[in-house]
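Here chain A shows up in two complexes: once beside chain B, once beside chain C.
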Partner chain A sequence: MLEVSGASGGYGPIQVIHDLSVSVDKAELVALVGSNGAGKTTLLRAISGLQPLTGGEIRLDGEPIGHLPAHLRVARGLAHVPEGRQVFGPLSVEDNLRLGAYLNRSDNVSRKRDRVFDLFPALAEKRRAAAGSLSGGQQQMLAIGRALMSSPRVLMLDEPSMGLAPNLVDTILDTVGQLARDGMAILLVEQNAVAALRIAARGYVIETGRITQADNSGALLRDERLRAAYLGE
Partner chain B sequence: MAELLQYIATGITIGSVYALVALGFTLIYNCSGIVNFAQGEFVMIGGMVTVALTAYGLPLEAAAVGAVGVSIVVGIAIYILAVAPAGRASPVTVIIITIGVSIFLRGAAQVLFGKQFHGVKPFLSEQPVMILGAAVQSQAFLVIGGTAAASLLFWILLERTLIGKALMATAANRLAAQLVGINLRRVMLIAFGGSAAIGAIAGILVTPITLTSYDVGTMLALKGFAAAMLGGMGSPLGAMAGGLLLGLAEALSAGYLSSAYKDAIAFLATFAVLLLAPNGLLGRRSVNRV
Partner chain C sequence: MPHRLSDRHLSVLALAGVVIALGWILPNAYFLRIATLVWIFALATLGLTVLIGQAGQVSLGQAGFLGVGAYAAAILPTRYGLPPLATPFVGAFVSGALAFLVGRPILRLKGHYLAIATLGLGFLISLVLTNEVGWTGGPDGMQVPRPVVFGVSLSQPSTWYWISAASLLIGAWLVLNLDGTTTGRAFRALRDSEVGASVMGIDVSRMKLRAFVLAAVYASVAGSLLGLSNGFVTPDQSSFLQSVELVTMSVLGGAHSVVGAILGSAMLVLLPQVLTVMQDYETLVLGAIVVVVMIFLPSGLVPALVDLTKRLTR
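And now, the complex of A and B:
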């Protein structure tokens, strides 16, 4: 569904990612783990079109999308929940969700919104509140809900557990796992490697902008070297 | 009493113009972080084109619509030809570009319309209306009413339409706006076009009172910018309040002190407010939970 091959890029003269290749299939949850500064966020930003690649190719359903501006990649079915949530602070929860379906002109917007409220009941209670006034966990739910409003086929999440209480982390990752089982292709970036690999089918380990390991998550979780480096053991 | 009323009427009238200029600043600033110093030129274009088209024999209504149209085209051209090519340059660079655009537009207007003042007749009647001893020009009511209508329309566009919400979303978070599929280029075109239309409306309404010339935009841009700062940069309501306050401060100081100092008083008042409240009267403090 999503294939990235040979991606290289960075910020100005500083190259952050080197010849990265990752792929995610339909109904598959793939984790991308690695330490801070390894290039995970840069890769997601390049895939969603927020910054250009200097080399490599991005394909969605076999079609190259690397030349498209960000808003047209959304139209193709790609959604990106960015690091730090990035909700529209002054706007209400409902407006945030409505904007999530910005490209969707049809009338099933309210049905989709109700589905998001089913998924995250905490948001339904706050529907008229300004998004900036929500707690960190609620903002994360809103950021995910907003991404779901575009009915994506591929969902990319950047550190959804960052700064959240452990029970909220579980709630959010459970939901992410459920979305994959329902058929979505999900690329999950996490520093919390254990939590991510537990729900993922496969994982990539990224170090200083290069993929150093790619395997199914069970194998990665058992890997001694990886446990020492990323899993805090 | 009649004197005070007279000054207040003048203040609100000229304040309405400042408010519209400030609103134009706010619209572009919110969507891009850019302060468009060619904002005053939209007011000049609105007035000038109305004068020129009525001189060609067009009825006033048609001339006004034409003037708004020309202004929108100029606004969009500014974005496409001057602002967009700057790409990801810093806002300060783009602000300096808009100052260049403003100088260019003034020069072009000087060549096209000459250096003299131009005017149009008041839209309704030349007889002032007497209110409690104060003589208020009928045109002043049009300026105030037109400003109220334009800002109401602006508010409806922002709050009640999806494209308005997209503008507000872009103002709140440009990165997230791209990620929900908002086309930033289109948002910028709407901001520049809308801003140009607002400025032109101000120019059309006020020209019968103040006359217009190729360089009226310079001072109006400064006053409008001061008004936007006074109200709190980025807040549409603040822009309205700032504009009206600035107009009142100016008219009252011109009346009771000396008209020689009216500009100085207006800027001093703005300066004083900003010393006490750096975010302006209605400016949002950037509070966000993380």
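And now, the complex of A and C:
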């Protein structure tokens, strides 16, 4: 469903990612793990159009989307939960969700919103509260819920576990796993490699901007070298 | 949301009440002229309420558009025989088109860089108005012909009081209505997180451009009204200082508040009049008041007052 081939890019003269190829299928959860600064966020930003690629191709349903500006990629069914959540702090939870449905307002927005509240009941209780007043975990739920409001077919999440308590990480990742089982293609970027690989079907390991390993997640979790490098064992 | 709807209408009604009451109470032409200036500058500042307060983009060149509007009122009737009352519309169109053309490249910039670029734009407009003597009368300014309606020349201060007040009410009503709309939410999303807005599918550059054009149109209409009501325009109205004053009005009253824009304008128009008793120290005291307000009420007068009443009624 989402195919990235030979992606290269970075910030100005500094190349961060080199010849990366990644793919995600429908109803598949794929984890992209690697240490800080490996290029995970840069890849996601390039896929969603927040920054340009210097080489390579991005295809959604077989159609190239690399030339489209970010907002048109959202229209094609690609949603990105960016690093640091980026919720709209002074706006209410409901207004944040409504903005998530910015491009398809004609669809039943309140029905989609109720589905998000079913997924994250904590948000329903805070629906009128300013997003900035929520806890870190609730903000992450809101960021994911807001992305779901665009009814995406491909969902990309950038470090949803960052700065969250372990039990909240489980809650959020369980929900992400559920979304994949329901048919969404999900690309999950995580430093928390164990947690990500446990719910993922496949995984890529990225080091200094290059894919160094690609396998099903069971195999990656058993890999000695990987355990030593990323799993802290 | 119903409670917001009524808030909106209430604000406009309250404002209309104030406007009508003042129109009756104010004793003479001097006070009517001052009040007219308040309404006109409030209208220009309302554009900044959307641009700075809601969309989070700074413009230090807003007086440039004020100047375009003012000179539209002066140049179009004298050189092209346009009816004076049509000039605010033509001026608004010219300003909007100019903002659209220049905005595309300028609005790629952020923060300080955007501020400097808009400052440059303001300077350019000001320079043209000052130096194109054959067109604009140069630094001396230019006479603005009085509109004539049914054989009556519109020169009474009370006439311009009502015209500027009506323009302000319409302008305020439009901005208040923006609040609950998708466009209004998109503006605020832009201010809070450009990345967030972008991944929501909001065309960030287009929304910025929209806010910029809207602010230019507001400033331009205000400029035309200024020229028409004064009967005279000078390049000073497009100066950098005037731009700074408009931003100060917006921030002082509360950048994202419609009532704040009006209160901020009222302060900056009225204080110099009141402070004339201080003679040489007038500007000094005015500056000090602005500094003190910003130190103690950094979000502006109106948000601070709203907070206070909330705390008192709790």
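By definition in this document, the second predicted complex is superposed on the first by the 232 of 233 C-alpha atoms of A that agree within 3 Å, B and C clash if a C-alpha of one lies under 4 Å from a C-alpha of the other, contacts with A are read in each partner's own complex, and residues count from 1 in each chain.
The rule is short, and it goes like this: a residue touches a chain if its C-beta (ideal position, glycine included) is under 8 Å from a C-beta of that chain, and two chains touch if they have at least 3 such contacts.
Small disclaimer: the values here were computed from a predicted structure and weren't measured.
Annotation for the three-chain superposition on chain A: chain B and chain C clash.
More residues of chain A lie in touch with B than with the remaining chain of the pair chain B and chain C.
Legend: residue contacts after superposition of the two complexes on their common chain; A:A79 is shown touching both chain B and chain C.
In the superposition on chain A, A:G163 makes contact with chain B only, not with chain C.
When the two structures are aligned on the shared chain, A:A31 is found in touch with neither chain B nor chain C.
Contacts of A:A200 after superposition on the shared chain: neither chain B nor chain C is touched. When the two structures are aligned on the shared chain, A:Q139 is found in touch with chain B, with no touch to chain C. Residues 48-50, 69-71, 74-75, 79-80, 82, 86-91, 95, 98-100, 102-103, 146-147, 150 of chain A contact both chain B in one complex and chain C in the other.
Interface residues of chain C, counted against chain A in their complex, comprise 182, 185-186, 188-189, 192-193, 195-204. Residues of chain A touching chain C in their complex: 48-50, 69-71, 74-75, 79-82, 86-91, 95, 98-100, 102-103, 105, 146-147, 150. Against chain A, the residues of chain B that register as touching in their complex are 162, 165-166, 168-169, 172-173, 175-184, 284, 287-290.
Interface residues of chain A, counted against chain B in their complex, comprise 48-50, 69-71, 74-75, 79-80, 82, 84, 86-91, 95, 98-100, 102-103, 132-136, 139, 146-147, 149-150, 163.
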